[in-house]
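Two complexes, one shared chain (chain A), two partners (chain B, chain C).
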Partner chain A sequence: MADQDVALMAHLLRRAAFGASRDEIEAKVAQGYDNVVEELLTPQERPGIEDDLLMRYQPAYHEAAAIETNIQAWVYRMINNPRQLQEKMALFWHMIFCAGHSKIDSGQEMGRMIQMFRDHGMGNFRDLLYRLSTSPAMVYYLDNNESHKEALNENYGRELLELFSLGVGKDEEFNYSEDDVKACARAFTGWNIAPPYPPFPYGRSPWDFRFDPADHDDSEKTFLGETGNLNGDDVLDIIARQPATARFLARHLYNYFVADDVQIPAWRLTPPADMAAIDALEQAYFDSGYEISAMLRVLFNSDFFKAEGVRYAKVKNPAEMVVSTLRMVGEHREIQPGLFELSQEPKYMGMDLMNPPTVEGWHTGREWIDSGTLVERINFASDLLGNTELPGVQSLVDRLMARGDTLTPDQFVEGCLDLTGPLTVTDDTLTELRSHALKGGDLSHGSPAERADFARRTGEMFQMIAATAEFQFE
Partner chain B sequence: MSTHFFGLTDRTFEYSHSVGRNEFAGTGFRNPVDFALDSDGVAYVLNRSYENRPDGVRITVCTLDEEYVTEFGTYGEEDGNFIWPSGIALDREERLYVTDEWLNRVSIFTRDGEFLGKWGVGGSGDGELDRPAGIAISADQTVYITDSRNGRVQQFTLDGQYLGQFGRPGQGNGEFDLPWGIALGQDGLVYVADWRNDRVQVFTADGQWQASFGRSGSGVGEFNRPNGVAVDADGDICVTDWLNNRVQILAPDGRFLTQLVGDHVMSQWGKDKLVSNPDMIRQRALAYANNPGYERNFAHPCAVKIDSQGRICVLDHTRGRIQVYNKVKEPALV
Partner chain C sequence: MVSTQKDPVLAVLSLSGGNDGLNTVIPYANPLYRDYRPKLGIAEGQVIPLNDELGFHPTMGPLKKFWDEGKLAIFLGVGYNNPSYSHFRSMDIWHTCEPDKIGTEGWLGRALKEIDPNAENVLTGVNFGRGLPRALVMDGVPVASVGNLETYGLLTGIEGENQRDQALDVFGRMYSPAVGRSAVLDYIHSTGTNALKGADILATAPDKYTSNVEYSSTVVGQYMKNIAQTHLAEFGSRVLYTTSPYNGFDTHANQAVLHSGLWSDVSNNVETFMADLKDHDASDNVVLLMFTEFGRRIGDNGSGTDHGAGGVAFAVGDHVKGGIYGEYPSLEPSQQEEGGNLRFNTDFRSIYTTIIEDWFRMDAQPIVGGSYEKVKFL
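This part shows the complex of A and B:
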């Protein structure tokens, strides 16, 4: 199996999935890159999580009221959903269509919103905007339930344009005016929520969207140059056909899957780093009739995605850091107790899942890293990778042993980097790792004592690799 | 005018009342998975809760008249603790036996909650357990356990000595796919909710296969992951049809008799919770007008028992309550 094929597949699975074990990477290489891309893009054609089993062994995951339980259930799915790109896209939309538990105060509704992203996050963008606009959690989070025919609240109308579709501007131009914001908000009046049951005594009922025609402003409006008795549906149609929407989506997908970009408020004045890539994604958006999966197909099959220069050039976000490490070491690959504490780890690293800091979401890229979060990231990964009892780590140790009866320190370091990535490190890092390995000399595994020492030193080397700057990237 | 009568002629199932509410401690239940009823009509409700609310993992003791008695047990791996409690049953001396499908053991308590002992070891050999789920104890003090991931039923003495087993993983007669609930009929037959095969299987006490009822689906006599089973004095078989949100009642020969979908009226504990919160009273009133079925109907019923009065008691998992039904011979208004 060619090293470059393994490296490319590992890259695809780091970006379009939450990483994979070495066994899984090699199995996917055997399937072929193009086939794996299609598999990722067509989740409906293959089995997902076995929900009946999940509900049997973790019954509290179902209709869970507590936010912690919803986060735990989502982390379980990120680790184990065979339809990995679904989970990756659920996280993608959660980081853009931000709504947070701190205001919503319903773990169940946050969980339902993530489920909506999971189910429709690779579908049609116009359809997704409709689902977002009728999502009770979003209606409540951005106060559309307080926006009335006679007393307008512009919050949802404004954020829909600024943060959920057009963006403030592109190519140094503004994408919409204050009048467009008002017209948009008026079009969504009457989009509200039916009364749900309270939490006590039998648990909240799911919130349902409800349109109240008597509270809807049906008068004439002008939005982005189009005039009529526009309602929310009309506004979404207009939004979907804007070049700015294609740019917005293309730039977000590039930032999430290819290379870190500047933060969204800077997009009006800062052009994309790779305009040709953005053009290709925009073209796919319009050619397909706003299909997100069509854009992803172009992206994953493109040279700009496969390029060696973009590999290990994106900072892992905390959820990616936690979940990819768990997948690599083979922990929680079946339903078992003990996931609660682990599911809180992204929060300690600066990403409180289901509770973004503002409607603008988290700042990504190198802003994930500060002295505090770096310590959390390193401690988390090194604790797990250094535990040679874990099945994934044990498998890596076995693979390393299979490379020869005796490994020189250089071969040992090279093998460890290959199996935890394949990871390319700077010369300085490599020198440090080799220097440490040299202290122990050659590694053999003929006797039980040698095997134990081999495993111990491998765990130690994995811990050192987890502490490198390079391990913070994907 | 004549009445064209199709179906039952001699039984009516009449909702009586509900017991409980969702609660992590005291007067209520949290993700209850099974319960047992003693000869005094006291219920021992096994609450699974979840790991970030370990305080909710416990056995709640109360009467079916909604008198709170006590609670005991907690989350953990020490003696008397539970991780994934799954089934509960009483022996002839009315000691409680609780299965734990993570710890692969059975814990024994007095009715007051005093820990008496434990037995069980993980594995697939004779007498070893892999996710023990349902438990029932016969009049001769034989313990029957659905050993779910081993796809079998195992029999033990009260102190855990292995006696025998029947079944194996599969879909054929006498085979199981993750069996869950188990009940013993007055005729000595053993009834098993064959969970992932969507059916109920019937065996003699020594494990001879007698019959299988049901198939996958949501129609008459069809099941979607049945998990609890009970047999009353007439031999009628009550099955909690978990993901179809109903209880199906079958005749002794397996014919469909009727279904219960839930008829809940606010329990006293429920009222107690609401009475001090006028905002929630108002909110519930609006919600009830909008969607009365949400609170009334079963939400993942997971265990059913017959009490000493012949009443059918259904543990309603997601809503944290027991709905009690009378079975009456005379015509009753429902």
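This part shows the complex of A and C:
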């Protein structure tokens, strides 16, 4: 199996999935890159998690009220859903279509919203915006239930344009005016939720979307140059055909799947790093009639995605750090105790899932890292990777042993980096790792004592690799 | 205005979940209290009286001592306009001082930026607990977040002191500055170096520490001890923060038992903490603030109490002017906050303003986001 094929497949699976074990990476290489991309893009054609079975083992996940349970169930799916790109896209939309528990205060509604992203996140963008605009959690989060024919609340109308579809501007121009915000908000009056029961003492009931024609502003509106008695549906149609929407989506997909871009508020004035890539994604958006999967197909099959220059060019977000490390070492691939604690780890690393800091979401890239979160990231990954008693880590040790009866320190370091990525590190880092390995000399695994020492040193080297700055990237 | 020889330090204990103020500082002589608390009312004979009207919950004896010494400030009716009944949102408002929009910076983060603008000391602010509370978040302010002081550090999973020392040595060299790296990689390297520095310094705190007092083995006890250890080690930390177990004070049910346990734990550990500092002649420059995100419903629900509005907060310290600040919110139905709750009369930002101006001697306005009348407890 050619090294470059393994490296490319590992790259695809770090981005389009939450990583994979070495065995899985090699199995996918055998399947062929194009086939794997197609498999990722057509989740409906292959089995996912069997919900019936999951709920039998974890009845608490069923319509769970507690936010912690909903987060835990999501982390379980991130680790185990065979339709990995669905989970990756659910996280993608959660990071853009931000709504948070701090205001919604209902774990069940947050769980329903993520399920909507999971089910429809690779579908048609116009359709997704409709589902978002009728999501009770979003209606409540952005106060559309407080927006009335006689007393307009612009919150949803504004964020729909600024943060969910057009973006503030592109190519230094503004994408919409304040009048467009007002027209948009007026078009969505009456898009409301049915009054929910009070939560105490019996707990919450699910919320329902309800259109209230009596509270809908029926008068004429002009939105992005189009005039008529526009309602929310018409506004979404107009939004979907804007070049700005194509740009917004293309740039978000590039930022999430290819390489870290500047923070979103800077997009109006800062052009994309790779304009040709953005052009190709925009083209796919219009050619397909706004299909997100069509954009993803172009992206994963493109040279700009496969290029070596973009590998490890993105800082892992905390969910990626936690889930991909677990998948690399093969832990929690079935239901086992301890998942609750693990599902809290992204929060310790600065990503409180289902509770983004604001509607603008988390700042990504290097902003994931501060002195507190870096300690959490390093300790989490090195504890797992260094634990040679875990079967997944043991299998990496076995693979390393299979490389030869005796490994020189350099071969040993090279092997460890290969099996934890393949990870590319700077020359400085490589020098340090090699000089550390040199202190222990050559490694053999003939006798039981040698095998034990081999395993110990491998675990130690994995810990140091997990502690590198390079391991913070994907 | 207070002046101490040493730099002023603020310790914070956040009581997570919404403490029931009505059964903490009890209006025991008010007949309405009896009417509203048929199940959960504390019998007059059990209340620890502070004066003719108000008294402490029976488990708060250790705090009463500070009251008698004139070192305990009790803030009544603390809150803000248009109260949020969501734990998360209300805690966020207390953390960010932003009741009308979602804020991303914490008031203490902004204070730390002012205290140590160039982040020269990586331990100016230290949090005890996993994950950083929003109160301490601020761009360019490194705050160490310590889950367990005894074992805090990098690569703590490596067994064998020698092995770990070697690994940390490699880490230190891998993260040392070098030319020609990308900006992001550079940033991560300097962050890693800061983290290592902070961990190295913090790791010495437990060894330097000797004490004649015993904290409880609870989370509150252990983190209060960690705060004392860090303060006594003289690392120059100015804000030391911790939070009681998440939503522990959220006593919707079985409150009689739970609330007693919570306050006995807090009172005992606060007493121990202050005694510990005093034994080491290190209490002079510390103020301890205790707050919660909201109070609870006036009427009990038969077993517990639901989320409410105006609550109580406390400050303890050698330089605290003991007393009662603010009015006890009226229990009269016509005077209540909508939904059967106590109406606030002391804005929490007034307490913050006093701490920032009279303790840290800084301008509070940009830190708390406005001008608030001070509560003269310092």
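Note that the second predicted complex is superposed on the first by the 467 of 474 C-alpha atoms of A that agree within 3 Å, B and C clash if a C-alpha of one lies under 4 Å from a C-alpha of the other, contacts with A are read in each partner's own complex, and residues count from 1 in each chain.
Please note the rule applied: a contact is a pair of C-beta atoms (placed from the backbone, for glycine too) under 8 Å apart; a residue touches a chain by one contact, two chains touch by 3 or more.
Computed from a predicted model, the values in this text were never measured in an experiment.
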item: Touching partner for A:E63 - first (chain B), second (chain C), both, neither; value: first
item: Which of chain B and chain C A:N355 touches, first, second, both or neither; value: second
item: First, second, both or neither for A:Q472, with chain B first and chain C second; value: second
item: Contacts of A:F340 with chain B and chain C, given as first, second, both or neither; value: first
item: Partner chain in contact with A:T270 - chain B first, chain C second, else both or neither; value: neither
item: Broader residue contact with chain A after superposition on the shared chain, chain B or chain C; value: C
item: Footprint overlap on chain A, where chain B in one structure and chain C in the other make contact; value: 200-201
item: Chain A partner contacts - residues on chain C that touch it in the complex; value: 86-89, 92, 102, 104, 122, 127, 130-132, 134, 142-145, 153-158, 163, 166-167, 170-171, 173-175, 178, 181, 183-185, 187-189, 191-192, 194-195, 198-199, 252, 301, 306
item: For the chain B and chain A complex, residues of the former touching the latter; value: 21-23, 28, 31, 33, 48-53, 83-84, 101-102, 178, 180, 195-196, 225, 227, 243, 266-267, 269-270, 273-274, 277, 279-280, 283-284, 286-288, 290-291, 294-295, 299-300, 317-321
item: List of chain A residues in touch with chain B within their complex; value: 52-53, 55-60, 62-64, 66, 68-69, 72, 194-203, 205, 208, 336-340
item: Touching residues on chain A, where the partner in the complex is chain C; value: 100-103, 105, 200-201, 260, 315, 344, 347-348, 350, 352, 355, 357-359, 365-366, 369-372, 374-376, 378-379, 382-383, 386-387, 426, 428-429, 432-433, 436, 439, 460, 463-464, 467-470, 472
